[in-house]
Each structure stands twice: as C-alpha cells, then as structure tokens.
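So, here's a batch of structures to check.
In what comes next, subunit A is part of two complexes: it sits with subunit B in the first one and with subunit C in the second one.
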Partner chain A sequence: MNVNILEERTGQVYEKGQGPFSLKCNLDSLPGAVSQRACVFCGSRVVLYPITDALHLVHGPIGCAVYTWDIRGALSSNRELHRLSFSTDLRERDVIFGGEEKLEASLLELIERYMPSAAFVYSTCIVGIIGDDIQAVCKRVSQKTGVKCIPVQSEGFKGNKRAGYEAACNALIELVGSGPIDGISPFSINILGDFNLAGEIWIIKDYYRRMGIEVVSTITGDGKVKEIQRAHGARLNVVQCSGATLSLAKMMEERYGIPYIRVSYFGVDDMADALYRVADHFKDKRIMENTRSLIKEELDSLYPALKEFRKDLKGKRAAIYVGGAFKAFSLIKAFRLLGMKVVLVGSQTGTREDYEELEAVTDPGTVIVDDSNPLELSEFLKEKDVDIFVGGVKERPIAYKLGIGFCDHNHERKEALEGFIGMYNFAKEVHATVMSPVWRFVPRKEMRS
Partner chain B sequence: MLDMTPKEIFERKALRINPAKTCQPIGAMYAALGIHGCLPHSHGSQGCCAYHRSHLTRHYKEPVMASTSSFTEGASVFGGGANLRQALKTIFQVYDPEIVAVHTTCLSETIGDDIPSLVKKAREDGIVPDGKYVIHANTPSYVGSHVTGFSNMTTAMVKYFSEKNGGRTSAINIVPGYVEPSDMAEIKRLATEMGLEAILFPDTSGVLDAPQTARFSMYPKGGVKVDALKKTGSSRATLSLGKFASEAAGALLEQMCDVPYQCLDLPIGISSTDRFIEALIEFSGQTPPATITDERGRVVDVMTDMLQYFHGKKVALFGDPDHVISMTEFLVDLGMKPIHVVTGTPGKYFEHRIKKILDGKVKHANVRAFSDLFMLHQWIKNEPVDLLIGNTYGKYIARAEDIPFVRFGFPILDRIGHSYFPTTGYRGALRLLEKMLDAILDRLDRDAPESSFELVM
Partner chain C sequence: MSGEYVSTTNACKLCTPIGACLAFRGIEGAVPFLHGSQGCATYMRRYIISHFGEPIDIASSSLGEKHAVFGGGPNLKQGIINVIKKYRPSLIGIATTCLTETIGDDVPMIMDEFKREFLHEGLGPILVHASTPSYQGTHMEGFRLATRVAVETVAGSRPREVAKKGLNVFPGFLSPQDIRYLKELSRDFELPMTILPDISQTLDAPILREYPKIPRGGTSIESIQGMASNCASVEFGFTVTDELSSAHFLEERFKVKAFRMGTPIGIRESDRFFAILEAISGRPTPPWHKDERDRLIDSMVDGHKYMFGKKVVVYGEEDLVTGITSFLAEIGARPVLCATGGKSGGLKEAIKKVTDGILDTMPHVVEDCDFWEIEGLSKELCPDLIMGHSKGYKIARALDVPLVRIGFPIHDRLGGQRILHIGYRGAQMLFDRVVNAIIGKRQRDSVVGYGYF
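Showing the complex of A and B:
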C-alpha cells in the first residue's frame, strides 16, 4: 500500500494477502481524527425513530433533536408522529438547575396533544452530566397518563453507535410482551432490523405473505407500538443487518424462548437464502413450495433485466464504506453478481467476527478498514482506481470530488434496495452513476497518471 | 404529517416542536471553514461533530472536514484536557492545517474545560508546531442558536488575529454574516466594484463551492488568509452585515484596535442593498460605477414588471434573524404583507426591528423570536398566506396548507444549486424576485381551470 495511514491506525487497516489477518476494531476513535462515526444517541435514534405512532422526545439542547429530524425516509403506512421533532431545548438555566421539570411538563403536554401509543425519551450527553433522572420522570408520567413512557439511556459520550443500538434494544424490550397474543399463527415471525427506508419492509412483508407466513411485528420499520407489544407471540425472529436489533432478539430468546436467525435482504443470494431459511424453520411443505415458486418467479424476471447492466459494469471496481459490516457482505456479493470487483471494504462499527468474515470472502489485494477517515478513504479510492464508492452522506461529495460514482446505501437512499426488486434498483443505480457521461468532463485521467 | 397541528393557539412553557434554529457549534464550524487552511475542531463527543458535518454536507453538497475530541466516559468525568492534547497531536501530524479552530459543545461547556489554557499547555509542550495557530470559541448550545455560534467564531478570529499596529490602511473589513459562499463572493465583488479593498471574514467562497478537480483537498483554495485577518486591526473601518451574526466581531475590533464599525442589515433586497452601497460610497468617495447602477436599475425594472402579482399578497416567513429582517423589508418594498414572521434564535431586537419595518404598512402581524415552526403553522392556520418563505423545513407546512413555497436561508437540504447563486446584492434581489414570482405563478397555473389557463401572463 502506498497510502499514508495514521500511525495509530495501522492496526485498523489490512490488505488481504499481506501477512496473517488481524484487524483491531471496536476501539474508540482517536481524538483528533476526522472520524465518520456517530454517537450512542445517534444509534438509538436510528433504531427507534421508525416507530411511527410513538412520541420521540429528545431531552437535551436543540441540536441533537434538529439533526435527527426526519433525516431518514422511514416510511409509515399510518401515523407519522415520528417525523415531527420534539425537543426540550435545554437552556442555560436548565443546565444549572436541572431539566427534569421541563421534561415532565413537555412530556405531559405532548401526550395530551398527540395521544401517542407510547413515548420514548432520549437522553443526550448533557443530560448525563447534569444528572436528570429521566427514569423517574418517565415512570411518573406513565402513571399519570397511562401512556407508557420509556427512557432511552443514550448519552452520546458513552460509546459509539453500537452502544446506541443496545440502548434502543433495552428500550424496546420494555414494550415487548405487554400485548395479547391470541390468534397468532404458528407460522409467524417478527421482522427485526429493517427500517422501511424507501418502503423496503413492505416488499419483504409481501414476500412473507406470499409464503404463507404471518408477520406479527416489524421492528422497527413502519413500526407500531401495538404490534411490537405482541411481538413475543411470534415463533421466530428474523434479524437483518449488522445487529442493530440483535440484542433484542437475544433478549427475546432468553425471555420468551423465541429463536432467531440472521439474514440479509440485500442481493439475490442473500435474499433467497433468507426466505429459504425462514421456510426451513417452519418445516411446512406448503410454505416451502410457496417459497420456491416465489423465488423462481422473482428470479425469472430479475435475471434478464440484470443482463444489460452486467454488460457495462463487468470489471469495474467498487469500494464500500458502510456503518455496519454485515451490510458489506451482501454488497460484495451483489457487486460480484454484476461482474464487478470490490477493492476496498470498511465499516464504522464492525466487530472482530465481522472483519474475519470479510477477510474470508474478499479477493486478495482488497483493503479492509475499520473506522476510517476521509483523507485515508480518498487515498485508497485513488490508489485502487475505483469506479464507484458506496457510503453515507458524508462520503458522497468526497467521491464526487475525486470524480468517482457514488451510491448511498445508508439512510439517505431513496430507492428500495432490498428484495429482488431492490437488486434491480441497485444495479440500475450503480449503472447510472458509473456510466454517467458527466465523468467525461472530469479531469481525472490526467490527475491519476 | 402535520395533521395534528391544532388551529387554536396555546402557550407552551417548556417545549420545542419543529425547531426553527439549531445549535451553536454548527455555526462555528461553518465560520471556521471560511478561514483558509483551517480545520474546525469540535471539542466534545464525536456524535455532535458527525451531525454537524452531515448537516453542512446536506446543505452545501461539499466535503465538510472537521475533527473531534471524541469524548468518552472518562472525559466526561475528568475533563477533556487529555483528549484535546491527543487531538491536536493527531491533527497536526496527519491533517496538517494552518489553523485549528476549536469550538466547544454542550458537553465540554458543562464540564467546564478551559480551552485557552489547555491550548497554551499544548503549545508549550511542542504539540502545536511553530507557525501554526489554534483559536477557539465557546459555543454552548443552550445559549442562542447556530447564528450565535457563527458570531462567536467570527469574533474569535478578531480576538486571536487582529493586530493593532498604529497604522491605518485604506482597506475596510466586511463581516458578511451567515450567508452562502456565493453571497460572500457577491458582497466582496460589490466592494471591489466600488473601488475598495475589502477584507472579508469569514469567507467560505472557494471552500464550500469548490470546483471539481478530480482531487480531494482538505483545504480548498478559498477562505480568508491569516495575514489578512491580522491586518483587519489596521483597516479604516468595519462593516458588520447583520446584527446577530456579525455585530460582535465588528464591536470587538473597535474595542481592541480602534477600528470603527458600522452595523448594517444583510444586503438582501433593494433597500438594505442600497444602504450597503451607500456605506461603500462613503468609504470610497466614489459614485458607483455603471455596472452597479445598472444592476440596481434592473432590479427596479423587474420590480415594476412584477408589481401586479406581488401587491397585497400575504406572506409568512421564517429563518435566521438577519435574513428575515432584510427579507421582511424587501417584501414590504414590494407591497407584500408579511403577516407571520418567526425566527428560532432568541433576541428581542428581532421583534422590535420587524415591528418597526411593518409599522404603518401591515396592520396585524404575528412576530416572534425564539419560536418554532409549530407556532408558525398555527398562525398560518388562523390567517392563511399566499406565500411561504424559509428553509427546507418549511416544506411540511407548505404541503399541509398547500402554500407556494420559496426556499431561502439555511439549511436547504432538499435542493441543489442554492449555494452557487447569491441572494444578496442587486443580483440576489433579482433572483429572489424570480423565485417568488415563479412560485406564485406556478401555483396559479396549477390551479387554473382550463378556461382561464392562460399562455401569456
């Protein structure tokens, strides 16, 4: 590698084929780095935010609430309470004398106004410092109003996004188990870890419906409090993604004996695999048949459509930098399906197992990074002569500045990328950005030589 | 989405619904990006920094670089001193900026980290290389808003750099306020056209509207240089544009270096641009060149062309106080009626100024500082308007009430291109006029029955 890497970061970068694999991860970011990472609060907020009929009150100064106001297209089939922004807007006075009173008043007022099915109260860094007892406030207000108020201990400084997932799961488990479960089919699941970006959960739900499986609750995409309260009546938890909701599945297994499987709905293989594994679980002939014919039907229409894209994309080079590593596996396979090569893959919050698995599935020469920064990323993109970069909001302009195509596989995606149709959308998006004529005007060739 | 907003207005004591402001550090970060070779540094946990960068990126569609002290539990207990030291070390080793502009967050403010003495120690210990600068501003978000943060960082530039050396140059300082890179360029152009040498700070033009070069550069070409900042102390005067974002820097310069300052409104719309040009005339002793008088003439020309559509139209507007003050005046100049006027930033001056502008022209108006979009929406429900003007967050109200909507101010998260065209100066006025009329006429076309759907309007 001819790339300048921060000395302290060398352990967090690995090029496959260069010595035995080892990668440090789950470290705190180095102070001073232009880290792409977010905080605990951010993690909790993204997990819980799609619950559409709950109140989400951010207890803290105004910014934390503003930056998480409707920034993901987590779609709802019903109420859209989650898309409003509520903040206690703490002022200097509150910081000195405490914000509990303000919180309680706000919560009472909001519950009266909006009649939510439940309320989540997020604590932010400053609340952790001034020591407001949000637990006690939530309890009091729950008693007064009859609306369940759940504290989310998401003080930002207590870790990274991953810790926020935990905090969110701890909040969710308080809802699970409080609803009636009669009448639930023996062939029933909860969908965990999908946030209904661009309506993705509706695609997946429809597959399960066609298979003959009842979806008891969706956690948390298009989430509804009543459904989540019944989640313990499902027979299987199907957990997707990097484990934002994995610990909820584990808790539910412990508490209610519900087994879980981890799947990905992204890419053809993983999508099919997910459905087969769910079908397998129920060992029901009819379900298995339905699944088979569903997948065949979908693939029959998908493959011919992909062919055109493949022709153009064959041999192009892709780089991946995403929040959780789990998504990266699916992306690698998806790029392979398109005939493309993945030359860089990294994540903000991958775990040791994640990276080991990444190492196993990538080609020699592929660079693997944990918690990278823009300078490092841009160096790699140049060195590896990448044609498309998959990342989040902060990475897009960097890719464009380098004259490289980009695909948002994070919360700002506008097209559904899950399911079989999602693979088609993905291919289309990749094709559009890689093959765009605008790159002709970029002085990229000269710069690179 | 806003179907639960009740018409009946109730007073809220302790609650913000759909805010019309955000927090100080993002303003400080934006201001710091207006210094050439500067890396903004967020002294707090990494979440804030990630949010501010994302938010700015969504608005400017440009890479936004900033580092963070990455506070963890330890820092929250023992203070962030060690983190800042390590941060400065990393920054100068790896990112090699000319300047690091440290701003605090709610967290480090509450813990009470003393940034200047931490930096001083770091410098003594050789962590800050010679010839490099570290400046800082305190930006607690529980005070003021993002505009306050911008003002605080701009003021820090004076505090750290402006030198009093006895001499007086013919240059003037201009503090342009929390405006787009294109606005900063436009304001500078106007001063230059008037034959003045102007030091504009901060100056994000050439930073957050940098061209495509097939190269990623941490420090694009633009931004005010440190040398220029030092010279601000010997300029003959300062023009602070906008009381909220820019006055403090001008006042400090006067206090520190005896450079007299004048605080004007942001030159948005015709009257405030006129006053800006008049001030420039006074400094240059020159009459404006034909380029400028022609520009003005065009604005007046278009205003007359459009008058029939604008006159008497009711408008609701919200945004940052300096923007809204000038825009309100512009609307009144056009014969429009701004009846609901909101800013999220606290400040009595805002209400006072708006009421003065409206005095005798608009009988009943709702005007409020330190308010939010929920309030604005309620007002609109009670008295509907023909046009809504504000940042992206206005789109919810525009949709709920089916009102033509013009995006104006910060942030604009759902459109591209706004940062390339000024809304300041006469050119900016022209652009605003076009935008407003387009919005109104598009609506007219959309709603017109076939029989009155006209080709020529």
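Showing the complex of A and C:
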C-alpha cells in the first residue's frame, strides 16, 4: 500500500492479508494529526441530546453550545426543548471569579421559562479548570424548583468520546428507578442506543408493537424523562450502538437485574436478527409467530426493490469511516447484499474486539484503520479506487473533492436508515450517488478513461 | 432590552478561535492549529464544512487530562512537528482556546523554545500566534486578531522599502465570491492588491484529481511581507478597534496610509470604495463597473414600490449588519432591528452613521444578544423580511416571514460561499433577492394567485 502515514500511527493501520492481524487502538489522538474525533463533551452531548423534554444547559463559554445547536435529526413526538441551545456563555469575569453564580441564575431562569421535566448541566473544559462545583449548584436548584438537575461531568479534555458516553450514562442512571412501574407487561423492553434520527426509533417501536412487545422507554431517541424514570420496570434492555449506552445497561443489570442484549437495526440481517433475539428472549410462541410473519412481510416487499438497485451497484467499491465500529459491521453486510465490495473500513473509537471482528468479516486487501485523518483517508480512497464513501459530515468533503460518491450516515441525516425500510432508503441513497452522471465530468474519471 | 437575561439561548455569535482558524485558512500554505482539546478543532471543522462544503483541516494539540495539569507545551511542540511532517506548511497559525488560556500555557515562550530546538535559522514554517480564549469576544475578534498577528509577524519585522503602488485590503470575514470580486477590481483598476485573508480559493476550491494537503490559493507570504511597503491600506468594518486593526498597525508602524471604512455594501459605501480605488490607482472607474452601478439604480427604480417602508430585521456580525442596514436604507426599506451577538460597543454609532439623513427613525440596535431576544423583539416589531445567516430560520418560520440568507453560516442552502455582498454587483444581487422575497411572499399569500407583479 502506497500511503503516507505518520510514523507514530503506522500501528493503527492494517491491510488484511499483509502479515498477522494487529491493530493498535484506544490511544490518545496524536497531536497535529487532524483526528476526526471529538471530545468528552461531544460524547455526552450525543447520548443525552435526544431527550426532548429536558433542559440541556452547557456550562462554559459559548463555543460548545453553539456548535451543538440543533445539529442532529433526533425527532420528538412532543416537546422540542432539545433543539434549543442553552449556555451560561461564560466571560472573562466569570472565569476569574467563578461561574457558579451565573450557572445557578441561568438554571433558575431557564427552568422558570420552560418548565422542563429535568435539566442536564454539562461541564466543559474550562469548568474543570476553574473548579465550579456544579454538583452543589444542581442540588440547590433541584431543591428550590423541584426539577431534577443532573450534572454531566463532560470536561472535554478528560478523555475521548467514550469517556463522554460514560459520563452521560452516569447522568441517566440518576433518572432510572424513580418512576412507577406498575402495569408494565412481562413482555417489555427498553430500547437503548437509538437516537431517533429521521424518526428511526418509531420504525423500530412499530416492529416491537407488531410483535406484541411493550416498549417502556426509549433511551435516548424521542426520550422522555418520565419514561426513562420507569425504565427499570422493563424485562430486557436491547442495546444498539458501539457502547454509547452500554454502561447504562450494565448498571441496570447490576442494580435491577435487567439482562441486556446487543443488536443493530441497520441492514436486513442485523435487523431480522435483532427482532428474533428479542423474541427468543421471551420464549413466547405468539411473539415468535408474530416476529416471523413480520419479517417475512417486510422482506417480501423489500427484496424485489433491492434487486433493482443491485443490478446497477454490483461490483462497485465502498469505503466506510464511522464514529463507532458497530455501524461498520452492519454496513459491510448491507453493501454485500447490494453486491458491492468494501475495501476500506475504519472508526474513530473502535475497540480491540471491534477491530478483531472487522478483520474476521472483511475480504483480503481491505484496509482497516483506527482514528484516521483527512490526508490518510484521501489517500486510501484513491489507492483503493473507491466508488462510494460512507461517513459523517467531516468525511463528506474529502470524498466530494476527489469526485467520489458519498452516503451520509451521520447524526444529522434526514433519511431513516434503520429497519427494513431503512435498508431500502440506504440502497436508494447509495444508488443515487453512485449512479449520478456528474462523475463522468470529474477529473478522476477523465484520467481513467 | 440587552442584559435582561443571564443565560444565552441560541447564540448569535461563534467562539473566538473559529474566527482565527477561518482567517488563517486564507493565507497561502497555512495550516490552522488549535492549542486545546481535540473536540474544539473537530466541532469547528464540522461547522465550517457545513457552510463551505470544503475540507478544512484544523490541527489540534489534543490535550488530555495530564496536559491540563502539567501544561500543554510538549503536545503543542509534538503537534507542530507532525503538522510540518505531514503538511509541509509555509505558516502555522496557532490559536489558543479557553482551556490553554486558563491553564496558563505561555504560547509565545513555547514557540520560541520550539524554534530554538527544532528550526534552524530561516528554515521551517513561520509560526504565528493568536490569543483567542473563547470567553473573550466573538469569532469576529478572533478573525481580526489572527489577521493582525499575521501582519505583525510576517510584515512587521521587515523594514519598509520604497513605497510601492500596491494596496493592502483587509476585507474582514466576507465570502469567497466577495474576495474574487475584489481581485477582479484589482485587475480592472490595474492596481496590485494584497488581500488578507484571501479565502477565495482555499474555501471554495474546484474539483480536483489530487487531494491537496493544503488547498491552493490564499494570500502569499511574500505579499504579506510586502504589505509594509504598499502605499495604502483599506480596511472594511466600522467597528474594528485600533487594537485589532491591521491597517492601523501598518499606519502606526510604517506610515502606510489607512483608509478605514464600512464594508462596501450598497451604493454609498461602494462609491466610497471606488473613489479610493480611483485615487490610489490614478484611473477612473472602468465603464463596465459604472454600468453596473447604473443598472443597479435602474433596477432600484423599477422595484422601489415593493420595498418602500418594508420592515426588516437584520442580525449577525456587526460590520455585515451595518453594511446591510446601509443598503436597506438606500432602497427605501425600514430596518427596524439591528442585532448582533458581538459586543464591540460600536454598532450603534455605525448604524447611526449609515442611516443618518436617509431614515427618519434609527432602528433598534442591540448588541450582545441571542436569538431568544431577537425572536422576542421580532414578534413585537412584525417585520416583513429578515436578513441574516441560517440560524434565524426558526424565527422566520415562526413569524412566517421570508429570510434572505447572507453571511456565515448558511447551513440550510447550497452556495453560501458564492453569495456576493459587496460592490455594485453585490448590491444588485442583494436587491433582486430581497425584492423577490417580498414579491414571492405576497404571491404565496394572495388568494388570487397573480401572474403579474
């Protein structure tokens, strides 16, 4: 492989078939390498953001709040407090004299204005340095107003995005267990690790409804404080995603004895597998029958449609770079279903187990990369002669600048990609970008022909 | 109204370091570098990409917990080394963040150490440092400061040579299209211009075969070095303070005559700019630019009745708000609210200056405000039109009033990088868009469905 990689990063890139598998990961990002990663605050904000009836107050200077204002397609079935951006907007004076007073006044002001069901207060870098006691402020304001205020210890520099997930789960567990649980069905679950982007959780909820399963709470997509408070009444936690909410499931298992399973709702195989595993768990004949007929019904309408796309897409080459690795597994399968070949796969925060699994499921020659950056990615795309790149907002211009198709698999997406309908939408989007006539005009293709 | 609230809801400003990164992006061969935690660089890149649709690599020293305790110097140095290895930059623009300002990293000292340890005399990139804690000022202060430190560092150390004919232009934060227009004027007046920063190519690049490590274009180091020897500087923006003014620095230090004026949006400020160009180049305005001016006025006559008395809410960066307000006043509209998240203290005076003698009543001017306040005021003022960046869309939607998108960021439409705001041509484009927004709204609201307007 003829790609220029910083010496310190060579251990974080592997080409399948080139020597025994080994990939370093879970390292601090290399200074100056232009990592695509974010920070602890980002991790917490991602997890808690979709709770729609809570106040999300960012305690710090304005940047952290302004860059996370309404940036995600997390939809709500009623209130939309999560789509507003609240900040204590700290100034020099606050940094010198401390920001606690301003935080308390801000909380009181916003609680009075919006009457939220709860309030999350996010620490940012600077709060960790000046040492504001946000715990004490939250306690005081909770007592004064009766609205539960929960501190989120998300100082940006205290680790990477994963540490932020932990901080968010630590905040969530404060809510769980405080609501009534009577009348909850024995066939009941919580949906964890789905953020209701483009209404995805509603698709999944509908599947569970058709199976005869009650969804007690959705964490955190279309999240409602009251429902999360009842989450301990569910009999099973169904966890999606690369561990964003996994530690919450573990805490709930420990505290309330609720078992959990890990699933993915992306792609046909994983979607069907998720439903079957939930059905299996409850060992109920009726639920199993419902599940079978649901999946059959969905596939009967989906497969003919996919076949059409497959005709055009067969043999095209795809590259994947995502935040957490779990999405990559499903994407590899989804591309295979469309007859396509994955030649590059990477993630910002994958774990050892993630990468081992990726190595197992990919074809020889596939590049696997951890915590990559624009220069590396652009070289991989060219080297592997890719037709479509899947990633987030920061990856998009890398593909476009080189004249390569792109599929937005990010948190601001407007198309639902989960569920069986999501597979159809995915195929449609992949088809739309790969088959566009614009590529015939880009220099990359001119050179080839 | 300002100061009524403690908290900020939906801010009408960005943080200081993002402005510095944007300005550094307009220097040829430069890599913006944030000294702070990794998240800052990533968030800002995402925000900038969503407007420009261009890659923007911002390096970070990626500080972790131990660095926050023991100092970020080693990470900063390692980061600079890695950027040099990978990007081969001619300049690294280092901006600090709230984290590194508060832990007290002495960046100038670290840079000096770095130069002694790693860079031999005259080798390696130029290191430029802007102190940009996000608790001080907005992105515009960051933008102006980064421009100024680049001038101080690159041009400030050179002796003034025999005065050249060239003109320095400090446009502030305009669109790539605006910068291209300035370059066209440079050619048409046969007047060499050094425009700093120049984002016309770096943030609106063509499709490429090879992915460039650093996008082509930007103000060359050589031309910045020559700024002290140019015969004059023009700087746009009434609210730029002396401390942040690059033109002021060059005048104080090198006696380069400074013309400090408003952003040339609308007729009067464009006239002023063209007059300066005429004076310095010694050439009359080329006839095709005169024609553009005359066509603009012709169209203003055609459309004047649609605009007369129309109430407009304008928000955003202070100098853009001032320019747009000036233009609106000229076409007979009535700016009713001029709002900004900035806090230079100069907006009111600037608005007064551009509306004096043309508007009967001063618009309501609010500094240091957020969209919560803007929405509240807008509801009272019942505007016919809103002008500003994308983030006012929620208000426009709530009030069912058209929003004409200008400035940065435009996250919900394509082509923000190609909006022309300045000069006669920019005013023409703004005028057509504004009038059509008003007509479109009338047409949509009408039960008749008129086919002629």
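In the analysis below, the second predicted complex is superposed on the first by the 445 of 449 C-alpha atoms of A that agree within 3 Å, B and C clash if a C-alpha of one lies under 4 Å from a C-alpha of the other, contacts with A are read in each partner's own complex, and residues count from 1 in each chain.
The criterion applied here is as follows: a contact is a pair of C-beta atoms (placed from the backbone, for glycine too) under 8 Å apart; a residue touches a chain by one contact, two chains touch by 3 or more.
Treat the numbers as computed from the prediction; the structure is a model and nothing was measured.
Novice: Check subunit A with both subunit B and subunit C modelled on it and let me know: fit or clash.
Specialist: clash
Novice: Examine A:31 and indicate which partner it touches, taking first as subunit B and second as subunit C; both and neither are also allowed.
Specialist: After superposing on A, A:31 lies in contact with both subunit B and subunit C.
Novice: With the two structures laid over each other on chain A, which partner does A:156 touch: subunit B (first), subunit C (second), both, or neither?
Specialist: both
Novice: According to the stated criteria, A:80 is in contact with first (subunit B), second (subunit C), both, or neither; which is it?
Specialist: Touch status of A:80: first partner only.
Novice: Identify the partner contact of A:297: answer first if only subunit B is touched, second if only subunit C is, both if each is, neither if none is.
Specialist: A:297: touches no partner chain.
Novice: Touching subunit B in one complex and subunit C in the other: list those residues of subunit A.
Specialist: Of subunit A, residues 4, 6, 8, 28-42, 60-69, 71, 84-92, 94-95, 102, 105-106, 109-110, 124-126, 128-130, 156-160, 374-375, 378, 393-394, 396-398, 400-403, 442-444, 447 contact subunit B in one complex and subunit C in the other.
Novice: Help me check something: in the complex, which residues belonging to subunit A touch subunit B?
Specialist: 4, 6-8, 28-42, 60-69, 71, 80-81, 83-92, 94-95, 101-103, 105-106, 109-110, 113-114, 124-126, 128-130, 156-160, 374-375, 378, 393-394, 396-398, 400-403, 442-444, 446-448
Novice: For subunit B, which residues are in contact with subunit A within the complex?
Specialist: Residue list for subunit B touching subunit A: 1-2, 4, 6, 12-19, 21-26, 39, 41, 44-55, 57-58, 61-73, 75-76, 83-84, 86-91, 93-95, 105-107, 110-111, 140-143, 145, 210, 212-218, 344, 393.
Novice: Per the contact definition, I'd like the list of subunit A residues that touch subunit C in the complex.
Specialist: 4, 6, 8, 28-42, 57, 60-69, 71, 84-92, 94-95, 102, 105-106, 109-110, 124-126, 128-130, 156-160, 373-375, 378-379, 382, 393-394, 396-398, 400-403, 442-444, 447
Novice: Name, in rising order, each residue of subunit C that touches subunit A in their complex.
Specialist: Listed in rising order, the residues of subunit C that touch subunit A are 5-11, 13-15, 17-18, 33, 36-47, 49-50, 53-55, 57-65, 67-68, 75-76, 78-83, 85-87, 97-99, 102-103, 133-136, 138, 205, 207-209, 211, 213, 391.
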